[in-house]
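So that we are looking at the same thing, I have put the structure below in structure tokens.
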Amino acid sequence: MSFNTFGHLFRVTTFGESHGPAIGCVVDGCPPRIPLAEADIQPYLDKRRPGQSRYTTQRQEPDTVKILSGVFADEATGVQVTTGTPIALLIENVDQRSKDYSAIKDAYRPGHAGYAYDAKYGIHDYRGGGRASARETAMRVAAGAIARKIVPGLKVRGALIQMGRHKVDRSRWDWAEVDNNPFFSPDAQAAAEFAEQLDAVRKRGSSVGAVIEIVAEGVPPGLGAPVYGKLDGDLAGAMMGINAVKGVEIGAGFAAAELSGEDNADEMRMDHERLGNDSRPRFLSNNAGGILGGISTGQPMVVRFAVKPTSSILAPRRTVDRYGRETEIVTTGRHDPCVGIRAVPVGEAMVACVIADHYLRHRGQVGESAAWPFAKR
Amino acid sequence: MSFNTFGHLFRVTTFGESHGPAIGCVVDGCPPRIPLAEADIQPYLDKRRPGQSRYTTQRQEPDTVKILSGVFADEATGVQVTTGTPIALLIENVDQRSKDYSAIKDAYRPGHAGYAYDAKYGIHDYRGGGRASARETAMRVAAGAIARKIVPGLKVRGALIQMGRHKVDRSRWDWAEVDNNPFFSPDAQAAAEFAEQLDAVRKRGSSVGAVIEIVAEGVPPGLGAPVYGKLDGDLAGAMMGINAVKGVEIGAGFAAAELSGEDNADEMRMDHERLGNDSRPRFLSNNAGGILGGISTGQPMVVRFAVKPTSSILAPRRTVDRYGRETEIVTTGRHDPCVGIRAVPVGEAMVACVIADHYLRHRGQVGESAAWPFAKR
Amino acid sequence: MSFNTFGHLFRVTTFGESHGPAIGCVVDGCPPRIPLAEADIQPYLDKRRPGQSRYTTQRQEPDTVKILSGVFADEATGVQVTTGTPIALLIENVDQRSKDYSAIKDAYRPGHAGYAYDAKYGIHDYRGGGRASARETAMRVAAGAIARKIVPGLKVRGALIQMGRHKVDRSRWDWAEVDNNPFFSPDAQAAAEFAEQLDAVRKRGSSVGAVIEIVAEGVPPGLGAPVYGKLDGDLAGAMMGINAVKGVEIGAGFAAAELSGEDNADEMRMDHERLGNDSRPRFLSNNAGGILGGISTGQPMVVRFAVKPTSSILAPRRTVDRYGRETEIVTTGRHDPCVGIRAVPVGEAMVACVIADHYLRHRGQVGESAAWPFAKR
Amino acid sequence: MSFNTFGHLFRVTTFGESHGPAIGCVVDGCPPRIPLAEADIQPYLDKRRPGQSRYTTQRQEPDTVKILSGVFADEATGVQVTTGTPIALLIENVDQRSKDYSAIKDAYRPGHAGYAYDAKYGIHDYRGGGRASARETAMRVAAGAIARKIVPGLKVRGALIQMGRHKVDRSRWDWAEVDNNPFFSPDAQAAAEFAEQLDAVRKRGSSVGAVIEIVAEGVPPGLGAPVYGKLDGDLAGAMMGINAVKGVEIGAGFAAAELSGEDNADEMRMDHERLGNDSRPRFLSNNAGGILGGISTGQPMVVRFAVKPTSSILAPRRTVDRYGRETEIVTTGRHDPCVGIRAVPVGEAMVACVIADHYLRHRGQVGESAAWPFAKR
């Protein structure tokens, strides 16, 4: 990971600003001969797309993705597949309203990246946050759709588990419910509470934070490159790199600090339903969140991250401007009252990208031999 | 970051196992003409060194560091300085007791990396955890000592703020106290409680987790490489990559999820004590933890991470062995009842390494011009 | 350098196939506040553009470049400048004639990349060479135009110095002549011979190789990152990576093997026209080609590379097809009889990219302090 | 490749100076479970070791290598194998004579890296060339010995084919002869001429250049990562990065510029001795040197490079010193009259490292499926 490129073997480079002509990405290192068409990517983008309910920004972007390179229709089958060369994806911006931003041209919005970008580069495309806009995350979602196709059997799902102080009740967790409400809540009852809360937040021009949980099933054991390319290290870096994220935890997370060694360590038994070459252990708990020593164990990988409330709010805040003058600012324009909602598909995508990258890295170093330790080598 | 190399321009490659002949590292990309001798590194190693109190492992390792390359005595001044070429550091292992580990040769210790290493590589040096041992972190501390010398005015300090369920009282925070107790607690009263708690834990052969806080002051604004090399992303990756860490947060962290937009965004005023080229804002709060949009703002950087309880405990735990047989295991040998304590200097070192790397990366892209936005460009 | 990304701090990622909808690139890591518009890039593309004389392929591509991101009009000056974020460039393909290639769909053209791509990926977009097409080099030229703006005072020029067995006469070298003939020959008399030779080659449906020389002036001393990121190593890698290149040399090159130590080593005197902080040596010869120990010395950098004759020829050649059947092949379609001609602007661009990348890397590690050793430090 | 680290998945980081306490390297990313002991590495070091004939430097270095990490004795077999973690290698320097260099402390030796290092870093360990010394190449040879074990069936051999103006006669090429003479000449008669020539060169305190050829057999087809990680690009970078190398060519090399398209393109037939899944083409010539489009074809890979005469000669040369004073210099001390000789094992090692790295990278992206295009997929 560096600059605007993510990953080592599965590499994603994104570009584009909120109010430029287009955003896009180049996905490099993808294995060849994987069926890939726009229709494989678009559903994930649609999930993240703004303007779908009154709870997200009203900017209208169809976010229609176009594949510019890296695929070829296999004549034998007629199916369009990846060629192993760079896959470029492009989404045109259609609903920029740059004039919305003229009021904030010079004054820094507290909590926004504008001040920091200016401190770094001495110039900042302030329109809609420019490069710092969450609009960039559309390309993460697009890349994630490709990443999901690389690891056989991989299933990555996410849910919003907390908004403000309201949390879902885990005893009511239902993955099927996640797509039934505009919050990606796995708990229908909590979704109703979220709706009520967010309506109030929206009405008073405020915003609220959230906590997201991503679960990856079907992660092969053995992924991760200790000691500075650990799977959990890369996941934490990827999650924290999502806009507005302030905290990341894996498995028991911060709660692990309060556990005793006996309670924390996940005991192991054999999975008696699997035999022979497929022989593997089962863990009696999952405080590790599927990762030990930076390497996947084959258990479900569980990652959570906290998203701060968006800083674009109607209440006037004290700030300074580019010329060092003290002033006040009110942010109008179109914004998400809870940016954490649309972070769910983004978090899923980043988890998929990290796993795909490590899957290829592991295959490079160790090969494709059966990884379960009890298998013959 | 990848495999056993950390960083892009300030690059640290570590090697060595807990029970091999030596551990070491190569620090590459260090600027030239920085005074550097063993005496600059040793004090930080001494802080992390095992066997210094009854609260850490009783393994006796002097951890004496030797510089093998990359320095030269400047004839004009007689001072040994860096040459800009790779600095190799070596620490010999002296107190290995590999026989302690014969009992666990085949059975996986729940919560340990052993199973995962075996699943990945099909072979594992189980003696003392091999490469997965926290012994590797000595080289992080050594590299961090060099990193600290690269960024002018940088000050990185850490403290243990929670052990088990006991937390320090922030109203009693005193940095000077940190070096007065064996827990790196900034609160003398909490230190006494920690001692009592840990004696009990130790006696019953158990272990306990902890939370560490690292604060970096003097970080220049403008560090960070959006969007996949964000300063907070790299910090999170570096912290989560430390042995036994399960959670990371920056600034308000997970608490940000519960804040409203008004409360979370840090308002700005001018710092009237600084004028002219040194003109800069001050922030009225620090929920951001010194980072906005992945870029440092010049505020103190605040990072916290949770360390799980060490899994090496005396209570018998259910597990399986390399041959797929179910068994029970008891971990004897020498271990830290609270591995979080020695994680304090390690966390400091990793934060220093991240900042040094980004300092050089920023200088590469943007140059050394004044970064404060109000300065003339 | 890896996959489709070139460079460490000045990073260029290209994408696109010869017969896809578009080719493009993302230039990441560019310093901010550099004036940049399409008009800065287009002239270099025009130089490389096909179809400009009867000596290059008759494919008609306007190669009009569009900047999609990474620039912003500075309001203070009205000038569009770089923002430090990724600069995406796009060129639409307009003159694909894919049906030209149906004859070679299954049979491998001897000397072409098709067989190798198929061996690697198991699939190959054979239309116009797909990703292996020299069409990709348009984006190198575009990126090179940006690279040239990064290093103050840098001047990179190239010339074709040999076609087949005909060489230019160095005593007639005239840089001004290079743009007066369709071969980039610095020797007008040689250009006339090249024309005659190439007309004959073209008529008999054959092709011919060439040697190109690139000279970079104004390269600051001190660039290069020993020992595995040497300036000459990176130059050699970049040149050899250009399509159809089979040899690279720097300074005296292969002729150095025949020199004695006395004749080869470039003696030094002081440059008496420069005094004080600008004090520097002059070299009495330049067998080193401006690089010693992998680091630039401040002398002009001289790089030469050999381009093989294009393999797309009318003479029937023996080959095999994808199904392992022996066959013969004749390549019709539109091709360059001497692909070395258009390699001149490509070679210039790659040299500029290498220098720009090392300029930023050097600034990162060492800073902007005066580099000449005689200056006070 | 960057700074002192070579490779992407097979990564080699070297450190150490000619007159420091030791040189060493860390080999990271090596696959696990490969048998490895010092005895696998030492023979290659012995081949490169100085002081073995009167034709190389008289410095006496046993170059005894020690493995510090990354291996473990497999209990099942008793064999020491790699564990997949970093392999650290160390060689202690024993025959430094730093006083030899006091005369050249301030004056730059024409043709040496000293001036360039000083221009870059503002400090230089001039003793024996410091980091720029060819002594560093011992670690390349050591790493190469490991690389050779990674690719099944790989055979990398090198030979000196030209010294000064004397060339070997290819009709007399005999690989068995290479180890029979102190020049690695494959032509016994040429070896005798080399001896005579070099005695004369040595007597007059001069030096002479050379050309080396490396041939790699058993390279699987499909290695190489277009377009900026091409196999030939990486080979050229690796060869040019060897001390004193000024030119690199692959296959027909510079001679390709003089060929017609018909003569250059290597025609293909089926290899009728191989059937079924092992079905593959044979090429009727090898102008490509085993690489097309940056990807290996399965033919023998042929790389040549030119080594300049060492600049350490007895004849007085004009130069300047660190203080900008003009002076003359004579280089005494112990030096190779033809540094090209010992470049043979170094070139072999670098070729092996490049191939091993690409072998793992290819396996990462594409997997281990049969690569020959005619095999079923």
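A few notes on this one:
Labels for the chains are A, B, C and D, by order of writing; each one numbers its residues from 1.
Here is the rule we use: contacts are C-beta pairs under 8 Å (C-beta built on N, C-alpha and C of every residue); 3 or more make two chains touch, one makes a residue touch a chain.
These figures come from a predicted structure and were not determined experimentally.
Interface comparison, A-C versus B-C: the pair with the greater number of contacting C-beta pairs is A-C.
The interface of C-D is repeated, with over half of its contact pairs matching by residue number, by A-B among A-D, A-B or B-D. Chain C has its Cα centroid 38 Å from the Cα centroid of chain A.
Chain centres here are Cα averages; for chain A and chain B they lie 26 Å apart. Note on chain placement: the centre of chain B and the centre of chain C lie 44 Å apart, centres being C-alpha means. Those residues of chain A in touch with two or more other chains are numbered 3-5, 8, 14, 29, 32-33, 84-85, 120-122, 131, 226, 366, 377. Chain B contributes residues 3-5, 11, 13-17, 20-24, 26, 28-29, 32-33, 68-70, 72, 74-75, 81, 83-88, 105, 120-125, 130-131 to its touches with chain D in the complex.
Looking at the complex, you find that chain C touches chain B at residues 8-9, 29-33, 84-85, 226, 360-361, 363-368, 377.
Within the complex formed with chain C, the chain D residues making contact are 1-6, 8, 12, 14, 108-122, 131-132, 136, 162-165, 201, 206-211, 221-230, 232-241, 243, 245-262, 264-270, 279, 281, 284, 287-289, 291-298, 306-313, 315, 317-320, 322-326, 340, 361-362, 366, 369, 371-374, 377.
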